[in-house]
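The two complexes that follow have subunit A in common; it is paired with subunit B in the first and with subunit C in the second.
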Partner chain A sequence: MSSTFQGFLLRRLAVSIPLVLAVLFVTFMLVRIGGQDPVALLAGPTASAAEHAAIRAELGLDRPLLVQFGIYLGGVIQGDLGTSWLSSGAVLDEIRGRLFITLELLLWGVAIGALVGVPLGLRAAARRGSFFDQAVRAVSLAGFSVPTYWLGLIAILLFFYFLDLAPAPMGRISAMAERPDAITGSYLIDGLLGGQWQSAGSALAHLILPVCTIAVIACAPIMKQARAIGAEVIESEFIRYARASGLGERRIRRMVLRNSMVPVLTFVGTEIIGLLGTSSLIELIFSWGGIGQWGLQSILNGDFAAVQGYVLFAALLSVVVFLIIDLAVWVLEPRGRGAP
Partner chain B sequence: MRFQAMMTSRVRQTLIGFACGVATLAVVAPASAATMVIAATRTPGGFDGDALKPNTQNVVVQTYEGLTRYGYKKNPTTGRMEVDPANIQPHLAASWTTSADGKTWTFKLREGVKSPFGNEMTSADVVWGWQKSLAQKRTGAFIARVSSVKAVEPVDRYTVRFELEQPSKIFLSALTLYTPSIYDATEVKKHASAEDPWALKWIDRNTAGFGAYHLQSLKPGEEAIFVANPNYFGGKPHYDRVVYREVPNAGTRFTLLRTGQVQWTEELTLKQIVELKKDKRVKVESDVGTGHASARINPTIKPFDNPKLRQAMALATDYQAINKAVFEGLGTQARSIVPPIIPGADDEAWTFSTDLTKAKAMLAEAGYPNGIDISLEYSGIFWFEEALAIQLKDSMAKANIRVALKKITDADMRSRTAPNRRDLPFFTFMDNPIVLDPVYALFLNAHSQGASNRNNYKNADFDKIVDAARVEQDPVLRERLVRQAQRIHTGDSSWIMTMYPGVHEAMAPCVTGYVWQPDYHERWRELSCKR
Partner chain C sequence: MIAALRSLIRDVPSVTIGMTIVMIHAVLAVFAPWIAPLDPIAAHADKVLAAPDAQFWLGTDGNGMDILSRLIYGARYAFGIALPAVAISLLIGLPVGLWAGFRGGWIDELLLRTMDLLRVFPSIILALAIVAATGQSLLNVIFVIGFLDAPVFARVVRAEVLALRGSTMVESARAIGNSTPRLLFVHLLPNALSGTLAQISVRMAWAVRVSATLAFVGVGIQQPTPEWGAMIRQGAEYMVTGEWWVALFPGLALVSLVFGLNLAGDGVQDWLGRRRTRR
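Right after this comes the complex of A and B.
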C-alpha cells in the first residue's frame, strides 16, 4: 500500500516540476513585456539619462531577457527568489513573513464557507424542488453575483461604521494592542500560545469581518457544487438500489454523504486556489498586509522579483493543495488507489 | 482535586481574559493623546532619501532635518500660517556667512544637537552625508548639481564650508531639504563594510538622523512605528509616538478618519475631500501648493511646431469646466510655469482665457481653417489625467480641434517623458518644484537641460535668460530676468496651463499646527492635539 502511494506521490511531483518551470518562465517574460518600468520609478522625476542607464545596469535589466531568466532560475534553484526593488528585502523573506497572514484569512474563510455550504447543498439535493432547495439556489446565485470588493466595503460600512460591532478595518490587530511574540506569524495563534489574551482577542475581533466576507464568497459555489454532486449521487443506481432494498433514510443519507465527499473535497481545494486572487482585494480593503496585498502592490509598482515570487507562491500553493487533496482522496476512496 | 480546581480556575481566567480582549478591542479605543495614528497609503519602501521608494519621502522628512528651514508667515486671507520662501532661517546650522563672490559659504553648526543614539552632530556628519549623496549619484546629487555645490569640507568641529561652482540663490533653499541628509555618521559607520562603505543597506531599513523622530520598528505591509528623539534639540514634540499604518484603500482611509480611528490620513480623492469639508468630525486644510496639472505640447514635433496652433489650443480650453468637472471647483487657475506661491510668479503674459471665436481664427491663421485631428496621451500616474483629457477633448472639439485620446501605461509615460526620450507630442502631466525659487522652477521645467522639461521645450532666448538668472546676485535684476523668462515661456504656449488642484490635508479636528511644506509632507513635530 505504502509503495503504491509513494509512486503515486512521485508521479504527481514529477508532473508538478515542468508546471512550475513553465509558470516561472511565463511570469518572468510577462512582467518584462507588460509595459512596467521600475527604472523610471526608482530614478525619480529629476534623474538624468545617465542615471537611468546606471540604475538599469545595476538591476541587470540591460542584459538580454534569456540571460536574465537564466540568472533568475539559477537563483530560484538555490532558494534565492531575488530582492524586491521597492522594499530592498529578499523576496523569500517577504513571502515567509506574509505566508501565515494570508493563509489564516483564506483557510478560515474557506473552512467556514465549506462548513455552511456543503450541508446546505447536500440537503437541497435531497429535497430538490422544495422551498428549501429554491432558497439555497437563490442564495447561491446572490453569492455569485455580489462583487467581492463591494461586499467587503458594505460589511465595513454596516458592521464598523453604522453598527459599531466590528473593529476598524486597519489590519490584523489594534494599533494600541501589544504585538504577541512571533511564533507562527498569526497574531491569534501566537497570542493564544503566548498567553497574551488581549492581543489574541484583538486579533480574533479583527479576523471576523474579513473571514466572514471570504466565507460568503466561498460558500456560494461550494453550496451549488455540493447540491449538484449530491443530486448526481442520489440519482445513481446504487442509491436507488439501496432505497429499493428498503434501507433506512438515515443510512442512505450517510451513503450519499460518503460518496459525495471526494468530489466535494476536490472542489473545496480548487476554491482555496481560486480565492487566493480574490483575497488580494479583501486584504486591500481590510489593510490586511498579507501576500495578496503585497502581490497586488508589487504588480502596480512593477516590482518584477516580487511579482515573480508571488506567482511562484501561488503555483506552489496549488501544487501543495492538490497533493493534500490527492492524499485525502487516497485515504477516503480505496477504489482509486490503483489508478495512476 | 486541587489540580482540577486550579485548572478550572486557570481556564476560567483564560476565557475571561480572551473574551475581554475581544469585547474591548471590537470597538477600538481612540489613540492616546501622545500617539498619532496615520492612515498611510503603504508602509515606506525604505528610509534612504537618496534612493526614493514609495512613501520614503513621507517619513525621511521626519527623521532628517536641514541646516536651514523656511520661516513662516500668517496668510492675511485665511489667517493660517504658511511657508515664507523669502525668509530662510537657521535650523541645524546656527548661522552662516558668505564670501564676496558668493561662492564660499561657511556654516556654524548648532551645538548640542544629538541623535537618538546620543551622538552630537559635528561638521564630520554634514560632510559624510554630502559625500554619500555625491557617491550615490541620485536625489542628493541632483540637489547638489542644481545648487552648484562643488565641495563640502569641515573647518572645525562645529564649522563646515561649502564651495560652489558659481553663486547660487537657491543654495540656502536647497539646504532646507531632507537630502543630502545629515546622518549620525558615528552610528551609521558601525554598519558599513568593505562591500557597502556607505552602509546603504542599513540606512535603507533604519534611521539615524538628528530630526525629531526616529524609526522604532517596521513591519512591511502593516505599519512603521516612529518615536520621538529623546535628545531632539527643538524640545519634545506633542506626539511622542507615531503609528504609520498601511491602509491601501482610499475608502477605508476616509472611513477611519471620519470615525476618529486615525488622526491623519494620506491621499484622499477630491470627492472625498468635498465630503469631509462638510463633516464636523474632520478638519480639512487647503493650500494652493506647487503641483500644476498641465497638458504639455512638444514644440519639436509636427504639427505642434506651429505656435499659432498651440495658442489656438490654449484659447479653446474651457478652464472653468475643467475646474468644476475635474477638480470639484477646488482648483486655482494656473497662468505661469512658476507657481503663485513662489515670489516672482508672473501671470501677466497669460492671455488665453477661453474664447472659441479667437481660437477658430487662430486655427485658421495656423493653416487649419477646417480644423485639425490630433491625439492626446495620458496615463494613470496622476489621478486627474483621464478626467482632464476628456474635458480637453470636449472643449477643443468646439473649436474644431478634434482630439483622439490614448491611454498609455504609467511606465510608458515615465520613460517617454524622461530626459533620454521626450518623444510624446501632447500629453498630461504634473510636476511640483520642491525648492521654492522661481529660477529653480523655470530651469527644472523648461530649460533645455532641465530634468523635468518633459515636452522638450527649446528656446535659446529662454535658456540664456534662465542661465543669467541662475548666477545673478542682484535681486532686482534677477526678478526682472525671471519675469522675462516667464513671458517667453507663456507666450510660446507649449503648456496648456490648467489648474493647481491644491493640497487638501484631512485630519482629526483637534489637530493644530499644520503648515504645508514644498515636499507636500506635514511635519509631525509641529502637530499637536488641543481638545
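Right after this comes the complex of A and C.
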C-alpha cells in the first residue's frame, strides 16, 4: 500500500509543478512588460541617465526577459525570492513573518463557513422544494452577491461604531495589550500557550469580526454546492434501493453524508483558494498586516519581487491545499485509488 | 421560442424578479442625465459629508458630491464594463470551446490546462496584478475581465459540443455533405448555445463585482469617477467615524444589481436543467 501511496503523491506533484511554473511565468512577464519602471522610482527625479543605467544593470534589468526569469527561478529554487524594492527586506522573510497571520484568518473563516454551510446545504437537499430549501437558496444567492469588503465595512459600522461591541478595526491586538511571546505567530494561540490570558482575549476580540465576515462569504457557495451534491446522492440508485429495502431514515442519512463527503471536501478546498483574494481585501479593511494586505500594497506600488512572492505564495498554498484534499480523498474513497 | 420564454417567465418567478431588478438599473444607466437630480461630480464645498436631507437625499461624500446622483451614474459604469467584458469572453470563448470540443487536440489541452490554472488560482489576485501592471485605464479593466472569463464560456460550449459530437444529428449533417465550418456554426453552435446563454447573466454578475473590487482596491478607476467600488473606497475611512452613508449606499446599489443578475441567471439554469431531465 505504501508504494502506491508514494506513487500517488509523486503523480500529484508532477501535475502541480507545471501549474506553479505557469502562474509564475505569466505574472513575471506581465509585471515586467507592462509594469511601472522601478528604476525611476529608486533613482529619484534628479538622477542622470548614467545613474539610471547603473541601477538597471545592478538589478539585472538590462538583460533579456527570459534570462531574467531564469535567474529568478534559480533563486526561487534556492529559497531566494528576491528583495522588496520598497522595504529592502528579503521577500521570503516578509512572507514568512506574515504566514500565520494570514492563515489564521483564512482557515478560521473557511472552517466556520463550512461547519455552518455543509449541514444546511445537505438538509436543504433532503427537503427539496420545502420552505427551508427555498430559504437556503435565497440566502446563498444573497451571499454570492455581497462584496466581502463592503460586508466587512458594514460589520465595522454596526459592531464598532454603533454597538461598540468590537474593538477598532486596526490590527490584530489592542495597542494596550501585551504582545505574547512569539511561538506560532498567532497572537491568540501564543497567548493561550504562554498563559497570557489578557493578550489572548484581546487577540480573540480582534479576530471575531474579520473571521465572521469571511465565514459568511465562504458559507454561501459551500451551502449551494453541498445542496447540489446532496441532492444528487439522494437521487442515486443505491439510496433509492436502500430506501426500498426499508432502511431507517437515520441509516440513510448517514449513507448520504458519507457519499457526499468527498465532493464536498474537494469543493471546500477550492473555496480556500478562491477566498485567498477575498481575505486579502478583508485584511486591508481591518489593517490585519498579513500577506494579503502586503501583497495588495505591493501590487499598487509596483514592487515586482514582492508581487511575485505574493503570487508564488498563492500558487503554493493552492498546491498544498489540493494535495491535502487529495490525501483526504485517498483515505476516504478507496474506489479512486487506481486512477491518477 | 416565444412559448419557451413564456414558460420561463411563468414557471420561474426568480427570473422575473431578477430581470426586473436588472431592468431598473438599466433604465437608470441609460437615462442617468435626466433622472439624476444633480451633477455627479459637482463638489458642494459647503456641504462636505452632509447627512441625508431634503436637498441631498442620500447625503454627500468627502468631496461634497451628491451621492444619489453618483449612484445613478454609477450604473453606467457597471453596465459599461460588464457588457463589453462579457462580449469579449463570448467572442473568445465560443469559437475556442467549439473547436476544442469538436476536434480536441492541443487547443483542447490548452483550454483544460488554463481552466486548471484559473481553478487553482484566485482570479481576483490575477486581475489586480494584471491591471496594475498593464496600465490603469477603463479599457484595460474591460479587457482583463473579459480575458479572464473567456475560459468559463469555452468550457461550457466544449462540454455541450462533446455531448453532441457523436449524435445522429451530427452524423447525418456530415453525411449530406456539410463542410466543417458549416457543421460547427450552423448545426452545433445553436444546439450548444442555450447552456452558454444561461451563463451570461451569472458571468455579468461576476464582471460587475470584479470591476467594483478593482476600483475599491484603487486599481483601474479612480475618484472622482462615479463608480460604485471607488465610492465604497472613499467611504471606507468614514465607517469608523460614523459617516455611514458614503459607503453604505453604493454598496447597496452594487449588491442589488449583482443579486438581480445572479437571481435571473440561477433561475434560467434551474429551468434549463429541469427541461433537460424532462426530455
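Criterion: the second predicted complex is superposed on the first by the 329 of 340 C-alpha atoms of A that agree within 3 Å, B and C clash if a C-alpha of one lies under 4 Å from a C-alpha of the other, contacts with A are read in each partner's own complex, and residues count from 1 in each chain.
Keep this in mind: a contact is a pair of C-beta atoms (placed from the backbone, for glycine too) under 8 Å apart; a residue touches a chain by one contact, two chains touch by 3 or more.
Because the structure is a prediction, the values reported are computed rather than measured.
Student: Tell me the contact category for A:Val23 with respect to subunit B and subunit C: first, second, both or neither.
Tutor: It touches subunit C, and subunit B stays clear.
Student: Return first, second, both or neither, reflecting whether A:Leu106 touches subunit B, subunit C, both chains, or no partner chain.
Tutor: neither
Student: With both complexes superposed on chain A, which partner does A:Ala226 reach: first (subunit B), second (subunit C), both or neither?
Tutor: neither
Student: Looking at A:Ser48, would you say it contacts subunit B, subunit C, both, or neither? Reply first, second, both or neither.
Tutor: The first partner, subunit B, only.
Student: With both structures superposed, pick whichever of subunit B and subunit C touches the larger number of subunit A residues.
Tutor: If we count touched residues of subunit A for both partners, the winner is B.
Student: Kindly classify A:Phe322 by the partners it touches after superposition: subunit B alone (first), subunit C alone (second), both, or neither?
Tutor: second
Student: Is A:Leu81 contacted by the first partner subunit B, the second partner subunit C, both or neither?
Tutor: So A:Leu81 meets neither subunit B nor subunit C here.
Student: Identify the partner contact of A:Ile285: answer first if only subunit B is touched, second if only subunit C is, both if each is, neither if none is.
Tutor: Both partners.
Student: Touch test for A:Ile156: subunit B only (first), subunit C only (second), both, or neither?
Tutor: A:Ile156 contacts both subunit B and subunit C.
Student: Based on the superposed arrangement, let me know which partner A:Ala124 touches: subunit B (first), subunit C (second), both, or neither?
Tutor: Neither partner.
Student: Overlap the subunit B and subunit C contact sets on subunit A and report the shared residues.
Tutor: After superposing on chain A, subunit A residues 35, 153, 156-157, 160-161, 168-169, 284-285, 302 contact both subunit B and subunit C.
Student: Considering only the defined contacts, which subunit A positions touch subunit C in the complex?
Tutor: Within the complex, subunit A touches subunit C at residues 19, 22-23, 27, 30-31, 33-35, 137, 141-142, 144-147, 149-150, 153-154, 156-157, 160-161, 168-169, 270, 273-278, 280-281, 284-285, 295-296, 299-300, 302, 307, 310-311, 314-315, 318-319, 322.
Student: What part of subunit C is in contact with subunit A in the complex they form?
Tutor: 113, 116-117, 119-126, 128-130, 132-135, 205, 209, 212-213, 216-219, 229, 232, 235-236, 239-242, 244, 247-248, 251, 254-255, 258-259, 262-263, 266
Student: Once bound in the complex, which stretches of subunit A touch subunit B?
Tutor: These residues of subunit A touch subunit B: 35-37, 39-49, 51-54, 86-89, 94, 97-98, 153, 156-157, 160-161, 164-172, 174-177, 192, 195, 197-202, 204-206, 284-287, 289-290, 293-294, 297, 301-302.
Student: Which positions of subunit B touch subunit A when the two form their complex?
Tutor: Contact set of subunit B toward subunit A: 14, 17-29, 31-32, 35, 37, 39, 42, 45-46, 51-54, 137-139, 142, 201, 204-205, 219-223, 243, 245-249, 251-252, 255-256, 258-259, 261-262, 409-412, 414-415, 418-420, 431, 444, 451-452.
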